[in-house]
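Data first, discussion second: the structure below is written as structure tokens.
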Amino acid sequence: MARYGMMIDTRKCVGCYACRVSCQMQNELPVEESFIHFYEKETGVFPNVKNEIIPVQCQHCEDAPCVSVCPTKATYTTEDGIVLVDEDKCIGCKYCMVACTYGARTQSHKTGVVEKCRFCAELVKEGKQPACVSTCISNARIFGDLDDPNSDVSKAIVKYNAKPLRPDLGKSKIYYVR
Amino acid sequence: MIWGTIIAAYLFLAGLSAGAYLTSSYVARKYPEAKAVRITGRIISPVLMAIGLLLLILDAEAGLKHPLRFIYLFTNFNSVMTIGTYFISFFMLAAAYTALMEILKKETNKYVEYAGMLFAVATAIYTGFLIGVVAAVPIWNTAILPILFVVSAMSTGIAGTMLVASFYDSKAVHRMLGVKKIHLGLLSAEVFLIFTMFLVTSYSNESAAESVATLVSGEYSTIFWIGLILVGLVLPIAVESFELYNDKKMKETEAGIMMAAAGQGGIAGTLVTESSVLVGGFILRFLLLAAAVPVPFL
Amino acid sequence: MDQQDEKKLHTANLFSMLAELYKDPDMEFWNDFCNNKLLDQIKEELSLYGETAQWEVTDIPTEFSSLKKMYADSLGSQGVAIPVESLYKQWTADPSCTLPFAKSKGYLLGDPAMHVKFILNEFEMEIPEEYKSTPDHLAVLLELLSYFILHAPDEFTFHFMDDHFDWLEEFLLRLAETNSSPFYYQMTKMLERLLEAVRKEYIIMA
Amino acid sequence: MLESKISRRGFIKASATTAALASAGTVGFQSWTSEYVKAGGQTKITEIPSTCNGCSSKCGIIGHVKNGRLWKLSGHPDHPYAKGKICARGHGYATLVYSKERLTQPLKRVGSEKFEPISWEQAYKEIGEKLNAIIKKHGPEAISLTEDPRASGKIYSPRFLHALGSPNYYTHHVVCSNSRDAGFFHTLGVTSTSADISSSKYIMFIGRSYGDAIRPSSVQSLVEAKENGAKIVMVDPRLNNTCNLATEWLAIRPGMDLAMVLAMSHVLIRENLHDAEFIKNYSIGFEEYSKELKKYTPQWAEKLTGISADTIERIAIDMGKAKPKALIEQSWRGAFGCNYENSTETGRAVALFNAMLGNIQQKGGSIITTKPELGKLDPVKHPSPKEPEFKKAGQDEFPLAYEEQGVATIVAKLAMEGKMKAAIYNHSNAALGYGNPKYMKEALSKMDLVVTIDVQMSETALLSDYVLPDVTYIERDEAVEGLSGKTPGLALRQQMVEKVHPKTKPIDIIYTELAKACGIGQYFNFTLDGLNEQMLAPTGVSYKELREKGVIMFEDKAIVPGTMPELKTPSKKVEFYSETFKKAGFSPVVRWVEPKVSPSGESFRLITGKQAIHSHTQTANVPILMQISKDYDLERIWMNPARAKKLGIKDGDMVEVKSSEATSKVRVKVTERIHPEAIFVPSHYGITSSYLKTAKGIGFGFMEHVPFDFEAWSGAGNIHEVIVTVRKVRS
């Protein structure tokens, strides 16, 4: 079994939103809903300023709080470590939204079901890359098996010393280069 | 705010309901003659819980559209909400049974009542744990919160019961000094717990400090100071203390003893204190939901 | 001719007259419309449906130019509500479509249009060139309905009514936004009620 | 029996068998949908290679078509700009095809912003008559045509105009790269070079941001350069989004770029780091230039630019040492495409700095690109119209402007003077984007005939007498496009789906038919396919093959680094000293030129730039893109916190922006990322056409504040020569 994860190199991210748009299309989201949120972190004082653009989506935590709090077991982790929502079980209680550290979940206006990044599980199954990865203009995103030391993503994480956003808060599976 | 007014109302009503149940059980034993109070507590308890549950269902949009999905609520024993669902279900059964017996004027099975009391306490604790286990929100994620919620549940439970009962039997309400003393103790404990919680969490965590700041000096400071502290806590504490003090004084004079025996204090004081406790109880939950500042992750 | 068949004739006639109302008005139409000719006839036929089809129009245009303006403001390509079914429904149900608007409303040639195209193909029917991008235009739908009432099995007609006229409520909401005359709103309101009445009859028949 | 008095106009035509077929019925929508979706898996999906129109890059895309409808878009792997990727705009812009906010039939204006549908025949007839009447009365020089050119337009539009006898063909470059083009053209003989980013070691950008005006391959090449350890210096009054990839940000005072380049050139010579060999062999006039440069010391530049003399020196020296794999990126609009009074001179100084580094035609340097040799129409069968007898309007005033592009806004000026009587705008929102909208509106109203060809009711269309509906890029074939670059190639825009609106037409047809109505049909006696066949003839590529592949690159004809071509300047060499400039009345060598206006302590300079999700104003009405603007408040102006504090403005506050031309209300993003002297406003907002419902009312139009003006050298729009004051207002 694979343990899927991603690396995002924020130093390469120019904030073009291509990932957001292709994610919306892949997941058939209405334009107002998105699984990828962008944060800007400005540091320093003019003219010594740095601006970091950090795209954040579901981090597919291994000890995901959304999975443990979900009263209906609608949110679950697959064998491949992808956290998914079974929309036929979700009652829309939003407990998972409250519990998610990364604010990565959104409630569908139409169905009331809470949704989030799915690592494009159906594409991954076909051996393809998630939409946000394949569309990334600057190749800032790498996806693959974290358990395979020879996968591109594992190698890149080692090479760039990428880290989860908050390693102290749990084992999330998106690594960031900052 | 992911969880807003509706969930605040749900948490409030669940606590209130549990508190009312416990109040009525206490009164049944301590003041058997205060039937109106006992009956009130037993009737409003399942009714308020039911309203709370309806609000919860209303807020769960996807479930509302597919009601059968609510069955899954009983499936994840890792989730506080699932456990709470069991607590509430059992509590609801016991409370509804007790109320039914009261309406039918039949004897209540005391084991069922004991179970009801147990699950009432569990329900009150659950409302605290529901948000207390959320590690992402430090102001919630403290051991004090469940205690605070239980204390507030009891206090609102007493207030709710007394308020409704005073319309039927204002004398009885006035005679129950024991309840008043407990209530005063609970309210004082609440003040202590709120500020302890603020102090402890804001010293240890930045997000919690931010939450506290929005409450005491920021966006929600007006409603915090006026709504919760002044109206919800200080006012009832003052009035109840005054009443208890008066009571003591009255007992020292002959006329006073007679007056007290006749229960002529009027219901104005009760109306004011108990309503303000209820308002405070709701505001407390609303504010805690509103002031949630998640841990920073950037 | 039995009673039921005769009623069908009237109903079909009614729908085909109503279809005229949703077409871009021209001089020929105006000649039929002016002095209440068309509306009177519609009213006459409506009596068949008694109260269910009661209807009030307050602002009947008396000049060709004002009718044209009303049409343009309400139903024209820049009007508040274009009477095309696809615009009021999700563009496609096909999950494999990854266009940015696949699940959005407000786009032409959606699945409903494809279905009407399919029906036109199956029945070897043709519609004018200018409706090519909008085979699900209300005028086309009403003409088709009129035709089906007379020629197709009741069950099919019933389904067609069910499938292709369930957007009128949303359409009416848009029409209500107009600052111009309420004429088309009132007409459509009546159409909605009439459709409901006819639908009920079809349920009974089936 | 029922007898309808109303004449039946039913338009459904039933075939002989219809009644029989109908009596059997067919499937209802629900079962049809499930069948349709289920069958979808087996339905053949056709893949049609084409080019995007989300911006001017025209990246290669592949359209996936199912059941006659567009289904999916993907990037063309072989296209040099796309490299298999599509940006957000590319995905979003496809929405246009099935949008209800399109132009669907020819319209004639009957009042202010009021239109009446007319037939094509009537439109052609009336436009033709009016054009001929204007020619008769005022001569063909009173007619003009302006466009944001695409492959077909580039061929058909000037041909149409020439056939009428008018030379007045213009492009959008007046508010894009006219200054840079003029500066480069008279120096290197080309309006632009191409930067070999991925192989370069030291790259400087001046106002240009690959991350904000995206071409996928450009961003990738910059990432590659960074991975290879290149130094990347971003010169910009604002920390743009590409700064993430940069090693250094120089927060220059807006309008002072020329001073910096001059000082860097000064240092290069002083330190003897210029490529003397290259200069000797391939240039003229270096002596004069180096004499002029003597006064432009880094200390002098520090005062103007706000960048320390040390920094200027360090960078110039490092670039000199890294040469020839060092360059200043040529940019498009950037900071000197059409921005300041000194922009043409900045363009010239940049080209010359690159020449001093000897990086022309070097790996990691500036490449003078090559284009495939395309064929022309057979002159016997399809004779070209004869060259107009007049000079293009504006050429006398701005002889340095690149002739093919011209100075498009001269049309408005001449209209105001009553000399220009007709304007045709194709795929161009000139009234909102080219010059001050108020001025443009008045100018357009003074002409006898304004015709707009577009897909949407743009602000320009609203001011036109006739609006002709184009088909979208998804619904049309276009002329073969030659791709210039290090490697030359061919690309083709192809029709993916049948046109949605039957009454829309592609411009090759519009011009051909309009020409007939104007009596010049003989010049359009060919078809688009015929034209394409003839264009491809010399390339050895068949039309069929290009149609199948969409993109064909001629790897064997790629530029070999190190070989200097003969330049198209008068001297055939790099011109440090330009006789052409002298003749036009300007200094033959680059000199410091002050910007036209400068802010006081109280006011700001208003500057503009792009955002990655929009392309000019043409994507503003695309819901999936505009939603991003709404979610992240991207329409806000940027203000430095130091200035904001003084004005009592907090992040998110509503303010009033006031210039000599207009007053606008907008919210503020208070950020350290902007020079205190400048206010930045993205250039995609402020749509006023009520036909564009998604876009209308969001943000304000930058151009509303830009005074109608011409830069003296190239005629460019001087779009950053704007002073504004800002005050807090209630929202």
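Residue numbering begins at 1 within each chain, and the chains themselves are lettered A, B, C and D in the order written.
In this section, a contact is a pair of C-beta atoms (placed from the backbone, for glycine too) under 8 Å apart; a residue touches a chain by one contact, two chains touch by 3 or more.
These are the chains along with the protein names UniProt gives them: A = 4Fe-4S dicluster domain-containing protein; B = Polysulfide reductase; C = Molecular chaperone TorD; D = Twin-arginine translocation signal domain-containing protein.
All of these numbers come straight from a predicted model, not from anything done at the bench.
Just count the C-beta contacts per chain pair and the biggest one is C-D.
Using mean Cα coordinates as chain centres, the one most removed from chain D is B. Between chain C and chain D the centroid-to-centroid distance comes to 44 Å (mean Cα coordinates, whole Å).
A separation of 35 Å divides the Cα centre of chain A from that of chain D.
We define each chain's centre as the mean of its Cα atoms; on that basis chain B and chain C are separated by 57 Å.
Spacing of chain B relative to chain D, judged by their CA centroids, is 65 angstrom.
Shown for chain D are the residues in touch with two or more other chains, namely 91-92, 623-624.
Multi-chain contact residues, meaning those touching two or more other chains, occur in chain C at positions 95, 98-100, 104.
Residue positions 21-22, 24-25, 31, 52 of chain A each touch two or more of the other chains. Every pair of chains meeting the contact definition is listed here: A-B, A-C, A-D, C-D. Interface residues of chain A facing chain B in the complex, by the touch rule stated above, are 39, 41, 52, 54, 56, 65, 68-74, 87-95, 97-103, 107, 111-114, 165-166, 169. Within the complex formed with chain A, the chain B residues making contact are 2-3, 56, 59-66, 69-70, 72-73, 75-76, 78-82, 85, 130-131, 133-137, 292, 294-295, 297-298. Residue ranges of chain A in contact with chain D, taken from their complex: 10-18, 20-22, 24-25, 31-32, 34, 38, 42, 44-47, 49, 51-53, 135-140.
On the chain D side of its complex with chain A, the touching residues are 85-88, 91-92, 210-212, 214, 216, 219-220, 222-223, 226, 239, 241-245, 249-251, 612-613, 623-625, 627-628, 631-632, 640-642, 671-676. Residues 95, 98-100, 102-104 of chain C touch chain A in their complex.
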